[in-house]
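In what follows, structures are represented as structure tokens.
Next, two complexes with chain A in common: one pairs it with chain B, the other with chain C.
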Partner chain A sequence: MLARRALLRALAASVAAAALGCGRRERPVRRDGRVVVTFWYAYGDLVRKVLLELVARFNASQSRVLVEAVHQGDYFECLAKLRTAIAAGAAPTLSHVVCEVVPYLARARVLEALDGYDGAGEIPFVPALSQQGAFRGAEREPTFCIPFNRSTPIAFASGRLLDEARVAPPRTWDELLDAARRLTRRGEGGEVRWGFEVPISWWYWVAMVGQAGGALVAPDGALTLGGEAGERALRFWQRLVRDERVMRPPPGRDYQAWQSSNESFLQGRIAMMWSSTAFVRYLEDNARFPVVAAPLPRDVRASVPTGGTMFVLLRGAPDEEKRAAWEFVRWMCDDEQTIAWSTRTGYLPVTRPAVDKLDARGWYAAHPNDRVAYDQLASVDPWPWVPELFRVERDVVEPRLEDAVLTGRDAHAILDEARAEAARPA
Partner chain B sequence: MNPRARWHPWAMLGPTLGLLVVFFLVPIGVAGAGSLFSWDLLTPPRFVGGANYAALAAHGELLRVALRTLGYSALVVTGTMTLGLGLALLLDRPGRFFAFVRASVFSAYVVSWVAVALLWMWMLDGNAGVVGQLLRALGAPPVALLGDPDAALPALALVGVWKLTGYAMIVFLAGLQDVPPSLLEAAALDGAGAVARFRYVTLPLLAPTAAFVATTSLVTSFQAFDVVRIMTQGGPARATELFVYAIYEQIFLNLSVGRASALTVVFFVLLLAVAGLQLRVFRTRRGER
Partner chain C sequence: MSRARRLPLLLLACAAAAAWLLPYAWMVVTSVKTLPEIVARPTAPLPDHLDGGAYREVFATLPVARYMGITVFMAVAIAGAQIALALPAGYALAKLRFVGKRWAFGVVLACLLVPSQATFVPVFLLFAKTHLINTMTALVLPFAASALGTFLVRQALLSVPDEIIEAARMDGASEWTIVYRVLAPMLKPTLVSLFLVSFVFHYNDYFWPLVMTTDDAVRTLPLGVALLREQGTGVRWHIVMAGNVVLSLPVLALFALVQRHLVRAVSARG
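Moving on to the complex of A and B:
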């Protein structure tokens, strides 16, 4: 028995070693005397266009570093490819990842600690958006990530439909329910204009857990998934969808559901929705009605998680490439780039001087929706620095949320099941 | 014909056997070993014995994935064969019009799964989709088929049937060409009507063709991935999480190589059982003849 186990262990170890052992490239890639930095990114449409323009501007601004941006699908596809590439020894120098996965990647020792890089401790980040502010319990961790495209969930409503129904943007869950009732219209042909829509997904559920007064992780480190607050959040969704029938859960998962909500909103098929601050510009530019942004409503308190992604440097890359990548990251955090990135996409400006400059230039006065997004940072609830969090999000919680809302299974039973699964070793 | 040397047959079989071992047996063996470890690609693997299987079996999820995959395959194979045969019988006629219709039906088969999935996503949209509008015109309540846990799997099966029917039709048409007209004429002279001729002459002679269509459709339906990835990502509420997609989700989205390997092993055993059953049925039928 022992011999067989040892054999199996050796087999798996050899596969892992084959994959991991040859993972470090020693020599930097050069082209025309410049160090090439491969940068894997995960955007499409407008954001991609803005990013590529900034990369081109950086490449034109100096002659030492050449950043080559490579599109890798959406966040989760990019992450899947990144992990595979790390294991295969073909990882890029630079990428960007969702916040929740940073503790896991840090524990796997594949991220470069950035504290020793030139000027790393001097960038005046907006506190809630930096690693130190975005995570709770990471005080003693090295800096592994730099805020890039950061966002929070936010409420959007059609100004025209709000005016027609004489409804104000809801400030509490009760007001949300009432507004959704008043804004839902059922046509004679069976077509429905939904009062409210939000993808049934982890990010929004976490926001609601916080609003209901809960936390994903207890002070002793146990993954409680919000306890009673987690269940209350699920029950509120069940009520909106199943009992009141004023909310449509969009079809698809992950970003397909987000895209579906955005399209339905722009086509006037839903009156209010929760989405990301990242879509402020896209919605404003494409809507044929005034887009009104509002903070997410509170239950017992206001609370939002942060979203979007962080820049990370991959530890296995040659040192010279990492230094070159850092030069690009540092450049992206300069006021001019931060402002261009934020104002053209809708992502939050990540440095305080950039915010001050935008304010001084009258940007927020002219773009009140951006102001709402920025002000909501006062309600940010940091992510717990828990390496298991990402697995729990993807494997344990996310599929069960839909289960609860669409099939009406008991919220307490579902979250009990999720807590048991979360406690099980991966 | 006898081989000149004993090793000659092995030399002939060698290349195929080599490919089989390298690309099928070794990967299954590696998956079997991997299923006993907890591994996320980035950190060293840890031996966990049967814990991956236990985790998958917990709350009946593994059984649900297996039943879902079998249900999807049953719908696709039955629908494809019924429609394929029906269309082949209808369109087995000379003339440009029938040739055009045959080509039109078959064209769905040559379109990529991605394009088919995108097209059907639009058609099945609850509000703007053609299917939704048709249902409303018929007085049925509007339903987002892909957003309803009860309707999503049949909706995906419908897409599979639509895509594969053209292929089944062409194979059945080829099978129909092999039915000797003299047999049909003899049956007609004996007083057999159209239904009786189909039941007692055409259908038995089409049995090998039907077996071929059933096997290929079954294999294709078991491999369903693109259509799930694009149209539903396994949702809503895991209602369309079929085996291959579940494996992809475990390894690439949930960071669990061990559980993906365990799923692969179970999938392999399931396929082996279905293939064995199919083989047995065909052998029994051959024996009956």
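Moving on to the complex of A and C:
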């Protein structure tokens, strides 16, 4: 999987370096009198099914636009293909991309600015999930992206194990350490039930940087990677894993580690974990114990980044296709579609009226964990609007985190190295 | 060999067979469990009861027959083209005399050492410029000439006596007749193993079809199976495993069909 991604990234980088933004189609594709919108997406299984049902509903609801949704692998494969296709002049009209890559694509001038489209400024997004709320510094930029499947990190715990150990969901790092100690059990045969687990990955590290009072980028634009707070976050992980031995770093990279944590949690082999709000349905449906969601604990303050993806329109597509794609995006943001998407997939609802309707219909009363996820949006720390953000995530920080935690290397030295590499031009 | 001396060998063979078979058996068993069962006891050797829901889901979600048809056609076309081209190339390198023959063989060997990572970017650009993305040509053509196939055929032909070729020539056979009608049947074990290696590799290939297809026109089954996996909201393992069982069936059938030739090819070379 990683080798495949590496190859795709190499392909994207090679082609994009040569010709990013060059390709432009002149004529719109039409079928049976309708403008065809090619929509590249990156979901499988149930989420794909929900998406395709919504696309079919949109296509049946009008006769001007025909959306053709095409699967392009996972998020990162889809992104690599998108960059390649842009350069080769074969890009789709519409796609969705991970949040952190939007500033890079915007700087490359391959995204369509959406402010001039019909009703673009009137969609009542949940502020923390829109481009303006999800990025610091984005207020100076045109709107390039529309929230689609959005999530944040969240804490999940086994209600049964919490009750047995008489432990409340931790609200601070100190409480987390204490709870993890009390929930960790070592059997005589060497088996361990771990008190706590979280994938050693960028998203959670960024959350901890914010909680420790830091920011990835200094006000002067320097990529400080949280400075002292970044190191404090790493040291806290090292303490949980190496000194206190109350946290298991899950095996695997990216989603493999996330899935491994989910499975260990469902098997009762870990008592608490940090994961994504998007897993709430999966965990609730498959756990044989009550799943308790809680906000991430604070160090000096509460902080979570946002995740998931945003809709983007590709600038090189013909104008008529872009207008048709916008019609679909606008439709997806209507209350009923937003509600259907959110309740059936587990992603956060992205508009305020949809949240109000869910509340009025008793959804949050019946699904208190969803309420916790929504309420935690009050603690969202926006991403910096920095084109290097995605490169720093994937190539600079992510590969060093596991090394730091597993080998116990000095956090200051590791982040110094990362800062030096981040400052180097790509 | 005495029974006592054969026993360790037998145990070793059983261990090796188990190392290959157990993951497959686990995959099959997982595909007939329910998700809560898998999550609670992933290594349980038997399901509580047989559940075919995952297979129903696979066939309801994917156009399995279409994807499989495309994949089998692609893999057969590639393997067939490789054999068709490797035969004359291997023949030239083994039996003909021409200037630069050693150099040409060196180039073939060098091709074996060039990783695909080094070549796929220009190949992709070439196909993009010639509007061949999303076509069967883009899936087959880049693999039609095989350095490995040429090498294997050349090595096999070295053991064929030149007198056979001379006799055919004296009977008025053309070079094409010699290659395809006289020598090819003699190389059957080699060609069968080449076909199998090529078929299995390209049938399972995920990367190249993913790069070369941006719509559903010539999507292959491994790409289809990827549709069954959603990582961002939780993987339903029984469905992923059912998809992989379906994916593996044609390859198993093919092995069962040509097992005899394969064993002969391996034992002949050993």
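The rule we apply is simple: the second predicted complex is superposed on the first by the 404 of 426 C-alpha atoms of A that agree within 3 Å, B and C clash if a C-alpha of one lies under 4 Å from a C-alpha of the other, contacts with A are read in each partner's own complex, and residues count from 1 in each chain.
The rule is simple: a contact is a pair of C-beta atoms (placed from the backbone, for glycine too) under 8 Å apart; a residue touches a chain by one contact, two chains touch by 3 or more.
Because the structure is predicted, anything quoted here is derived from the model rather than measured.
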item	value
Partner chain(s) touched by A:V47 [first = chain B, second = chain C, both, neither]	second
Which superposed partner A:T84 touches (first chain B, second chain C, both, neither)	both
Chain B versus chain C as contact partner of A:E402, first or second or both or neither	first
Which superposed partner A:E417 touches (first chain B, second chain C, both, neither)	first
First (chain B), second (chain C), both or neither touched by A:R171	neither
Which of chain B and chain C A:F279 touches, first, second, both or neither	second
Partner chain(s) touched by A:R391 [first = chain B, second = chain C, both, neither]	first
Partner chain in contact with A:R245 - chain B first, chain C second, else both or neither	neither
Interface residues of chain A shared between complexes with chain B and chain C	8, 11, 15, 84, 267
Partner chain A, residues of chain C touching it in the complex	35-36, 39-40, 42, 61, 117, 120-121, 124-125, 128-129, 133, 206-207, 210-211, 214-216, 223, 226-236, 239
Sites on chain A touched by chain C in the complex	4, 7-8, 10-11, 14-15, 38, 40, 43-49, 68, 70-75, 77, 81, 84-85, 88-90, 92, 149, 151, 255, 258-259, 262-263, 266-267, 276, 278-279, 281-283, 286, 288, 308, 345-347
Chain A-touching residues of chain B, taken from the complex the two chains share	30, 33-34, 36-45, 47-48, 51, 55, 58-59, 125-128, 136, 140-142, 144, 146-149, 231-238, 250, 252-256, 258
Complex contacts: residues of chain A adjacent to chain B	5, 8-9, 11-13, 15-16, 19-20, 76, 80, 83-84, 86-87, 104-105, 107-108, 110, 189-192, 248-254, 256, 264, 267, 269, 390-391, 394-395, 399, 402-403, 406-407, 417, 421, 424-426
